[in-house]
Amino acid sequence: MSKILVGIVMGSDSDLPVMRAASDVLGELGIPCEVVISSAHRIPDKTATYARTAVERGLAVIIAGAGQAAHLAGVIAAHTPLPVIGVPLQSGPLNGVDALYATVQMPSGIPVATVAINGAKNAGILAAQIIGATDLEVRAKVAALKAKLARQVAEKDALLNELGIDVYLARLKK
Amino acid sequence: MSKILVGIVMGSDSDLPVMRAASDVLGELGIPCEVVISSAHRIPDKTATYARTAVERGLAVIIAGAGQAAHLAGVIAAHTPLPVIGVPLQSGPLNGVDALYATVQMPSGIPVATVAINGAKNAGILAAQIIGATDLEVRAKVAALKAKLARQVAEKDALLNELGIDVYLARLKK
Amino acid sequence: MSKILVGIVMGSDSDLPVMRAASDVLGELGIPCEVVISSAHRIPDKTATYARTAVERGLAVIIAGAGQAAHLAGVIAAHTPLPVIGVPLQSGPLNGVDALYATVQMPSGIPVATVAINGAKNAGILAAQIIGATDLEVRAKVAALKAKLARQVAEKDALLNELGIDVYLARLKK
Amino acid sequence: MSKILVGIVMGSDSDLPVMRAASDVLGELGIPCEVVISSAHRIPDKTATYARTAVERGLAVIIAGAGQAAHLAGVIAAHTPLPVIGVPLQSGPLNGVDALYATVQMPSGIPVATVAINGAKNAGILAAQIIGATDLEVRAKVAALKAKLARQVAEKDALLNELGIDVYLARLKK
Amino acid sequence: MSKILVGIVMGSDSDLPVMRAASDVLGELGIPCEVVISSAHRIPDKTATYARTAVERGLAVIIAGAGQAAHLAGVIAAHTPLPVIGVPLQSGPLNGVDALYATVQMPSGIPVATVAINGAKNAGILAAQIIGATDLEVRAKVAALKAKLARQVAEKDALLNELGIDVYLARLKK
Amino acid sequence: MSKILVGIVMGSDSDLPVMRAASDVLGELGIPCEVVISSAHRIPDKTATYARTAVERGLAVIIAGAGQAAHLAGVIAAHTPLPVIGVPLQSGPLNGVDALYATVQMPSGIPVATVAINGAKNAGILAAQIIGATDLEVRAKVAALKAKLARQVAEKDALLNELGIDVYLARLKK
Amino acid sequence: MSKILVGIVMGSDSDLPVMRAASDVLGELGIPCEVVISSAHRIPDKTATYARTAVERGLAVIIAGAGQAAHLAGVIAAHTPLPVIGVPLQSGPLNGVDALYATVQMPSGIPVATVAINGAKNAGILAAQIIGATDLEVRAKVAALKAKLARQVAEKDALLNELGIDVYLARLKK
Amino acid sequence: MSKILVGIVMGSDSDLPVMRAASDVLGELGIPCEVVISSAHRIPDKTATYARTAVERGLAVIIAGAGQAAHLAGVIAAHTPLPVIGVPLQSGPLNGVDALYATVQMPSGIPVATVAINGAKNAGILAAQIIGATDLEVRAKVAALKAKLARQVAEKDALLNELGIDVYLARLKK
């Protein structure tokens, strides 16, 4: 796979440390993506153009992360028939509740697939699941990722059982 | 005064019963305005064009009312240097808290002058105050409106004092 | 198209009046779906089995609607690599904020694509967009639906412009 | 007493520093317990099996701690007739309000006995109270624990009375 | 079984229409209970005495329901080593969020087993589960109740499958 | 004045650093007070006795500070006809919103005069105002305190005017 | 007693149906009061004058009720050394949470004694308790009122015990 | 331009580090302003006088910043026909939600143009937009400021595209 399938857009470069988790997990799953800084409010025309041309450029899914009055995902969804995933970001005094409401409470006709506040990694996995809805190879990779997560939990439980709480916690701190 | 100075935009005709209060009070103050239905999500290009051409059409202020993930005021503010007043509307299960956060929590550089949830009348008065910041005739009309409100409170207090609680409340119910 | 692609699951038949909007819009878009009542808490094994067998039965997307401590979408997402759309339902004294948090705040690894509280119609559209991420025919239908919504807003605006507020509102009430 | 009566389950080893307080207080009360890491979302089948076999393994109560969209206690309650105590954990930007709602707002038929956010120690005491509802020896130990807490408050009050605020606070800081 | 095992206390007779669900489900499960009106604030001494004498009168569990600044469950828990179940009631402008916080956020040492806002039926079931933690006959009754709930969901699903949405909803309305 | 007129009660010695502000301001106003640690939940009988004997010991006002499910002020108000001032304390993950609701939302008949979260200094001033409702000497001291606060604001404004923002802020940091 | 001791102020005559409960209970306790409509925002000078002259007119306590951005109690407290009781009123989409925060979260130096949302009756009782802090006759009346409330609860409990739930509820409905 | 057009008022000098952003951006736009410390509660008369004389002193807009029960903007709006911009400040345990509600939820007749919590820079820009509603030179400066912001976003995006995530983030940290 080499064509870019997922666009990851964020409103500011201060969002990059959180949003890069989407890019990282897509890389891990072998799905090419691009990372773009574009603000719904500061450069609205560029944002609209990005969304409007997404189909012709071959994107299948767009992920948009923004904080506070987070309009980015909604604005993009207004300009494309592609599925848009919204990541409400925790920034400012309301801790992301404002971004969550501004992202998820979309009016009828223009949905945004919202994940948890700061849930950029899950946004990447959801993008892969969306591609995997019809692409069996990608779906298998998602299933493998989930199996790995399950194994990690089981291993931790076994280790805790073996070591006991005190030794386990002492190791955790190192 | 006959040139239209204030544009009142709302996302849906279901917002009209609340938003008309802005139009009504501007009419009372003799400030011409226009009322427009235009959705940030359903017809984003028309909304952007409306905002972008506001200056050349001679508008001085834009009022935007929307509910839930209320992006309308922010989208308009992104496309004009004019002051934009946002009216968060009470609709849906969150009672307008979502609309309040989505309207007021704008990022640095693109303010929206937000009034109370469903505060359409105050949006109209604020638009008049903005015009009155430099237009002394309009300012005088705003001052007169506030004086009228003050008189009404004083008259009610006098009447309550005269009638007592029981008779006053009985009249109120009629 | 005749194979069932979307499963719509809800926790109780009292959710049906809201959740049917997902089924209706999918019908309008020509995408076959099935409607199932299955509770994450009351019949957890059946729910798990439904999710685990979704791939082999040919589903591409699952929509899950639940209220209060809304675990249904998360439980289903735990058992399938398919994308799962969660609809938080407004029920009980917290008006759906509990369901929103319980649906959207999923841990890393297991995303739920959350739409607005009671946003069942948008869940159906999002399911179509997900299928349309790779199916161009479905994508065209989604684009047509959005164009219809845009036209409706424009028509209402034109009508309001023609009739004025009072006559328009009088018609709306009828 | 040597048979394990209480199972303490948590979704991640990052919950262990908080959840160990349940284990500690049960140890103090002489009630054997086991500590398990098992995620409702990442290894749902193991979690379901754990809950379903709890009765035959002789457990009397299960304590489950989880954060964010905290489904763990509810999922366990769905698979056992034993009383299940839920500990909503403070993690992520919503500070545990999401976990509280996701734990306590259970549907009719499947209760979760919810304690305070991060209230792991109280979960352990409640487990002991539940066993003590019919076991008089355990009940006496609970009563003794509460009497000790009462004495501590009384001693602090006496010391404050003796030392005065400034000296007392200076000692507290050491 | 004829000895009274569960005390159901509420702060006001206006709580009775909601709280009677606890009494009803306990009756259905064959567990004798008593229903008492006693306010933590209006008759604090009677409330304290009720809690303090609960053990000697043979109670095993106490259920307390209250609204707003709901102190009833906490006050009772302060006076008895028995497990206390709190039912936050929806009353007044905050819809029960105040009662939820006032019931669940208990300090270390004095837990209250909190159920959902207005969750009186679940409080009754939880009381039975607590008794069933050591009484196998009661536990079997709880298991049977849960199995009945599961069957009801399955039957509704089958009926919906048979009738389709429109006919099913038409029947529901009757 | 030498008789103790105000009792300041708090649930834990960890509340002392905040609650001492009430004692300090009462000292500044020359009103004798006592400081007591007494928990509504851990030593309920001592707390009830303290409240019940307040009148005979000559107290005129009681201040009670507590966090989380803050019942202390309500419990005291239940046992005395004296005015009770409640200070909701910021502790735990809900930042004092739980304590605010648990303190202020009292049922009809048993008011608690609630001040801001962590508002211990204001609780002391309010206690003085209550005594000053009939004691003109105390009232004059309250008026003098408020005048001092007013002067401080005016002095800061004059200094800012003189120094400019940069120099003023540089001084503030020292 | 015939001198007016308590002033009850409200921002609008629409607050009268709730606020009259303060007047009613003060009447019941034999404490003369006056009822005034005066808005902090619409007639700020009259409101300030009312507060500033309260001492010379002989008032001992002022009760202020307002909704939404409820500034009335704070504005009055800014102009008088008398104790001011704030009643946050439930009006508008935020159900009184806005009024609660705007009333209780006062800055250091200017307390407002806040009661529950719509807690006008408790405001009246608190005013009586404040007067009773030094007036033993009034204090005795408050104690008698509380004793009456206690008797009412006890009588309801006895009646419920006698009649059983079904008959009691049937009577309640009549 | 040399006449002072904008007054920036704040309740305490502790608000200065946040509020100076309004002054800074107005300086950048060449609009003279004054900065004043004046509390609605501690020196209400000075605050009222400041607002009442604003017109005669030639001000066109007033910006008011306050935290908690933030009455400052509302009190000023009550005394002037000029447009008043409110900046809710994040201070205390409620993180500015209290200040937001107390600022924005103004009653009909007395609007406050509210910006985001801590949104002092946007308050300055909004003040410029208000002056620019009729002053074309100021409007052009606002448009230039917005264009600069747009360019900065575009430059960051280009740089990220050139450097890649890792190098970009490494530079950001420096």
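As written, the chain order gives the labels A, B, C, D, E, F, G and H, with residue 1 at the start of each chain.
Criterion: contacts are C-beta pairs under 8 Å (C-beta built on N, C-alpha and C of every residue); 3 or more make two chains touch, one makes a residue touch a chain.
Bear in mind the structure is a predicted one, so any value in this text is a computation, not a measurement.
Peer 1: Roughly how big is the turn, in degrees to the nearest 5, that lines up chain B with chain G by CA atoms?
Peer 2: Copies differ by a rotation of 90 degrees.
Peer 1: Where in D-F, D-E or B-G does the F-G interface recur, with over half of the contact pairs identical by residue number?
Peer 2: Comparing residue numbers across D-F, D-E or B-G, the repeat of F-G turns out to be D-E.
Peer 1: If you tally the C-beta contacts for D-F and for C-D, which one comes out higher?
Peer 2: More C-beta contacts join the chains of C-D.
Peer 1: Measuring between Cα centroids, what's the chain most distant from chain C?
Peer 2: Relative to chain C, the chain with the farthest C-alpha centre is F.
Peer 1: Quick check: how many Å separate the C-alpha centres of chain B and chain F?
Peer 2: Centres of chain B and chain F (C-alpha means) sit 41 Å apart.
Peer 1: Taking each chain's centre as the mean of its CA atoms, how far is chain B from chain H in angstrom?
Peer 2: Here chain B and chain H have centroids separated by 20 Å.
Peer 1: Which residue numbers or ranges of chain C touch two or more of the other chains?
Peer 2: 12, 39, 42, 68-69, 92, 94-95, 97, 104-106, 109-110, 112, 116-117, 146, 149
Peer 1: For this entry, which pairs of chains touch?
Peer 2: According to the stated criterion, the contacting chain pairs are A-B, A-C, A-D, A-H, B-C, B-G, B-H, C-D, C-E, D-E, D-F, E-F, E-G, F-G, F-H, G-H.
Peer 1: Could you list, by residue number, the parts of chain A that touch chain C in their complex?
Peer 2: Against chain C, chain A makes touches at 55, 60-61, 81-83, 85, 100, 104-106, 108-117, 119, 121-123, 125-126, 129-135, 139-140, 142-143, 145-146, 149.
Peer 1: Which residues, counting only chain H, touch chain A once they are in their complex?
Peer 2: That would be residues 90, 95-97, 116-118, 146, 149-150, 152-154, 156-157, 160-161, 165, 168-169, 172 of chain H.
Peer 1: Which part of chain A faces chain B closely enough to touch in the complex?
Peer 2: Residue list for chain A touching chain B: 11-12, 39-42, 44-45, 48, 67-71, 74-75, 77-79, 92, 94, 97-98, 101-107, 109-110, 112.
Peer 1: How about chain H: which of its residues touch chain F in the complex?
Peer 2: Contacts found on chain H: 12-13, 16-17, 20, 23, 35-39, 42-43, 46, 68-69, 92-95.
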